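Same chain, two partners: chain A is paired with chain B first, then with chain C.
And then the complex of A and B:
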């Protein structure tokens, strides 16, 4: 504890604290590996990656939106709608057009969210809270109250492509995460994202078209949610109207756990990947240990608050 | 004259729109604006309504409380379970204490430690749901002597022809309005939400004000849980899931700003009542129950946008 009380931190401690999520991830992996013989197996770790991918893909869009200083609560509902359309339209227009329609619905709803935020000046929390409620209504109107099922089960074979233990779903997650990390760190749009989130007025004065910028990020967020929904429909072969319920909350938990700040201007997809993997490892490890469901929920809550304390400690030190 | 109309609409546009909606539905659907149906709606909205009143205090301080849904589940499980063990009187007392206690935990983390409200209450949402499963062991609980207990009064009985839960909602609203508008605590809540730094420099204990607002939100959720337990005479492990969003939708619809510093109890009551009458009206008109969600979406966006546009003087940002 000496390090935290001394006025200047050594660079290595600083680096570790800045990337606390990866330290935490390493710790959980060590703990679960010693606690369960089934944890550190190639098969299980492959499973963890696949399980992480769905929340992970949602978290990519959420990270972009959150660095902007906004939030998107509608991702769970968008995921459900895209998955329902991808399955429900297959019999009418064929598999790939249906998948495309699902994708388009997500992008369109994201565009709608972004446009409403940009044009009205309402807080995105309100806009997307409305969206969460309304889009879920759309899902139910489309599916009725029963799950839709694929008629041609070859559809569920698409994600069954493996590179070693890594499924196609997981590869898509990492591919997308890497691509958007590149967007954030190496493109004009990425730099603008940090600028807008850090100081919106300065960004405006610097000539950034803030409305257009936010609409783009919300559209990306919606489109990514649709991708997660389509992959989920391929994995399950069914689309439940209640799919993805409260996933927006898990997504926010994963992103914040990684260290991206709700206030905007700070964060990265490296952090988000760390948060997503930590969440998945915790869930998987606790289940392997046969702990009851409530432990998982309570651990998650506690870890999240712990992460907030660490973040507060860090930002105070930097100030 | 025209500016008078504008000023009136600016202030009471929501009410006017709501009145139009009521009249419109009443013209098409039979039995909409009858005392029986109105009381039914009030009975239905009383649970979210009581919760929304406490949450309004938190929102006016510029914070959020997403934990109230899980909290409602936990407290309903507690009141129903303790009813079988300790009897209704003790069960109610215990539930109220537990509600305030959980609210105080939120208050310590957000108010005293200054952690982000959204994340803390999100963490509590998860934690409390875990606590529910821990407490109940995953099984549903039921009141054993549902036919004979006086506990039924809170959710199932009428007083002077008015449903008791609606009366509880009304009384809670009156007490809360007094608290918000006529007491020092109420002034402090507005001050903290309006400009926290200024409030702090004026010697207002901003941290403790936030702490108290969360404790109050816990208390109203406990009252809601008592109504819920009495109405259902049982509790499933997910009984309150999603309530935090409905509650927040009602508060926002009422026009309380998420940025803090403005809002009122009667507007929250109006917002919650609107959600209830929209749901009821659409059902009476024969739409499937999920169509109300679509309408709620549109109403939230329009109401908040128009409200914001009126304050700003133009509709586009």
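And then the complex of A and C:
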């Protein structure tokens, strides 16, 4: 590591380079606005925010786990289980107890993930890959392989609160993102997250309880996945056993697209919001242009690699 | 100098064993307020183990640590820090993405009861710690954007933040420039003025004599003595570091020297070594002696093309050649057996057979399909020739002893049929029996007409196996000894005189051999 960064880079350029995802987002918005007359409308943008919120809430937990240098592949399955419990238990114990049970299931599974990772020393990729498969199996057993339907349709009215074009779901996403960004930047737990991911030995030598710390972040990640699942069940009124399949991958893509480092120690929720919105805008824009589904996947795959390639170039220059 | 006589930290009878090794054997030493106390010794002498005991990373098997007059247990690094014992690692213990202030107080940030940071207090306290040391960078700077020297300052600033009484520096100048080194020394003297006790681990004699009040020498986990710096000199300390070890039986090759195989002229690499000249003949064992950091490994790595030389020419079997790449060096007939066989020499998860043929896969393949039969034959030939103990060709080499691993490294290079083989610390970390087998092998290779270069920090070894010995210190050849002149006294003199000599004297060419 050499002295200071090169003097040719002004602070503004450096700021843009560290937050390149927002530049990229602005670019995609410009492109789609000129390509489709339906894109830059209040209604459509409101929709984009709502669609972004589910992956977004998953991405909040994922960001914290990834800054720790870990990964959680089980968030999609946890989302499905929480949504199934929130709907399936309603007829037996009432709406809010069922919602709470769904939330608890996510927090408990996150706690289990974290405990296994912290105490066994296994890599979180393996532990949560097991979680992804096992929890999905549990969802199929619980739902009897069929979608569960709500019987009391007032349940689906809860998220129908709008502030202008912004849905409650989107507001919850932004609220949680703001809150956890504050946690990351202004609390002991947040500083520990960076310290653990950046230099785990230094963190250990400084007396940070790494095991407890990681368990907390995995628990938060599971709990947030459950929140996303509950909001999804409210929006759809049904709980599909296949809900949230491969969403863990979209979540990881959004976080990495934002610029959070896969190996830990660096990242923020500002970046993650940028990544989540970019992903949602791309999806929405390509659909408005009537892009066939498989072409959409190809474009998004290419964009991911391109964005990370740019990130690599920029960080090389910065270093 | 504000050194006092009362020890703030006293270690007595500290013993630490690892499976098969006594790393520290009844080590006793003390450090006083306002004192800079050097801890010196060759690699493996036990310096870093002792340091880790002080920092709470290792727990001693026996012995007592008395701190401020009270016997204490140092359970972990946090406990050490809370007691006021601070270790400045060689590998800095910092989070590059966090700010300077956050790093100074790493894990001990001021917060309220809910865990919310008190950023203002954090900044103010960090600024105070930085100002006390005269640092010019601010508490909000990102640590990753600072130079290594300034990052080190961030660690030293912890001494102010946690009111440290004892600060341990582990090879702090390893990656600093001269100016940065001077700044570091100024800071260390400032700490000394504050009454902080300083343990300074280094093998650089000039630094030790410039900075320290007393010197404790470790060798093979045993304290050789503690001396007052003003009352000794580099030669005395070097003697204590190296000492005399039991004379083992060495078999010197009984070979006739043939033509010159390699001649090196004026080889230089900035910051590593200067103007190196030597040659080696068929059937000759040439020894390279020097302390750690003398530049011996760098020289042979440059000859082999792992490093790019700034200047110099090579003559291979009488012909001028361009400085080779490693591939070209192998094709010419050179082999380099590196010092760290685990990192550079062997694929630990593979069997002995696959390791043996690894650099020569092409010659064992027919249209890319490996000829397992010929591979097996080669493996068996060297297994028998070197008497390697293994359960079979597929036993993972990670399961073998250090000596047997080293033999596979040799087998790997020998089966290419080299004309020159360079062995860098060939017997480090292996048992006595395997050592003697390696020594016999060196003799046999020379007798078969190979040119052999042996680098070793073990004086009896280098004197025992070589026909001729070159002494190196601080990147220069400082002596060449042959026949009756090959004595421990002469080698110690050559190496330590150079270390103690003032700068202008260091520029003269190597000391003449003394008969």
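Note that the second predicted complex is superposed on the first by the 310 of 319 C-alpha atoms of A that agree within 3 Å, B and C clash if a C-alpha of one lies under 4 Å from a C-alpha of the other, contacts with A are read in each partner's own complex, and residues count from 1 in each chain.
Keep in mind that, in the parts below, a contact is a pair of C-beta atoms (placed from the backbone, for glycine too) under 8 Å apart; a residue touches a chain by one contact, two chains touch by 3 or more.
These figures come from a predicted structure and were not determined experimentally.
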Combined model on chain A where chain B meets chain C, clash or fit: fit
Which of chain B and chain C A:305 touches, first, second, both or neither: first
Which of chain B and chain C A:290 touches, first, second, both or neither: neither
Comparison of chain B and chain C by chain A residues contacted: B
Which superposed partner A:132 touches (first chain B, second chain C, both, neither): first
First, second, both or neither for A:249, with chain B first and chain C second: first
Partner chain in contact with A:154 - chain B first, chain C second, else both or neither: neither
Which superposed partner A:121 touches (first chain B, second chain C, both, neither): first
Gap in Å between nearest CA atoms once chain C and chain B share a frame through chain A: 5
Sites on chain A touched by chain B in the complex: 116, 118-123, 125-127, 129-138, 140-141, 211, 245-246, 249, 252-253, 256, 262, 292-298, 300-302, 304-305, 308-309, 312
Footprint of chain C on chain A - complex, ascending: 1-5, 186-189, 191-192, 194-195, 198-199, 201-208, 265-266
Partner chain A, residues of chain B touching it in the complex: 66, 109, 113-116, 118-120, 122-134, 138, 241-242, 245, 248-249, 252, 258-259, 288, 290-294, 296-298, 300-301, 304-305, 308-309, 312, 315-317
Chain C residues touching chain A - in the complex, by the definition given at the top: 57, 76-78, 81, 92-98, 102, 106-109, 111, 114-117, 119, 144-148, 151
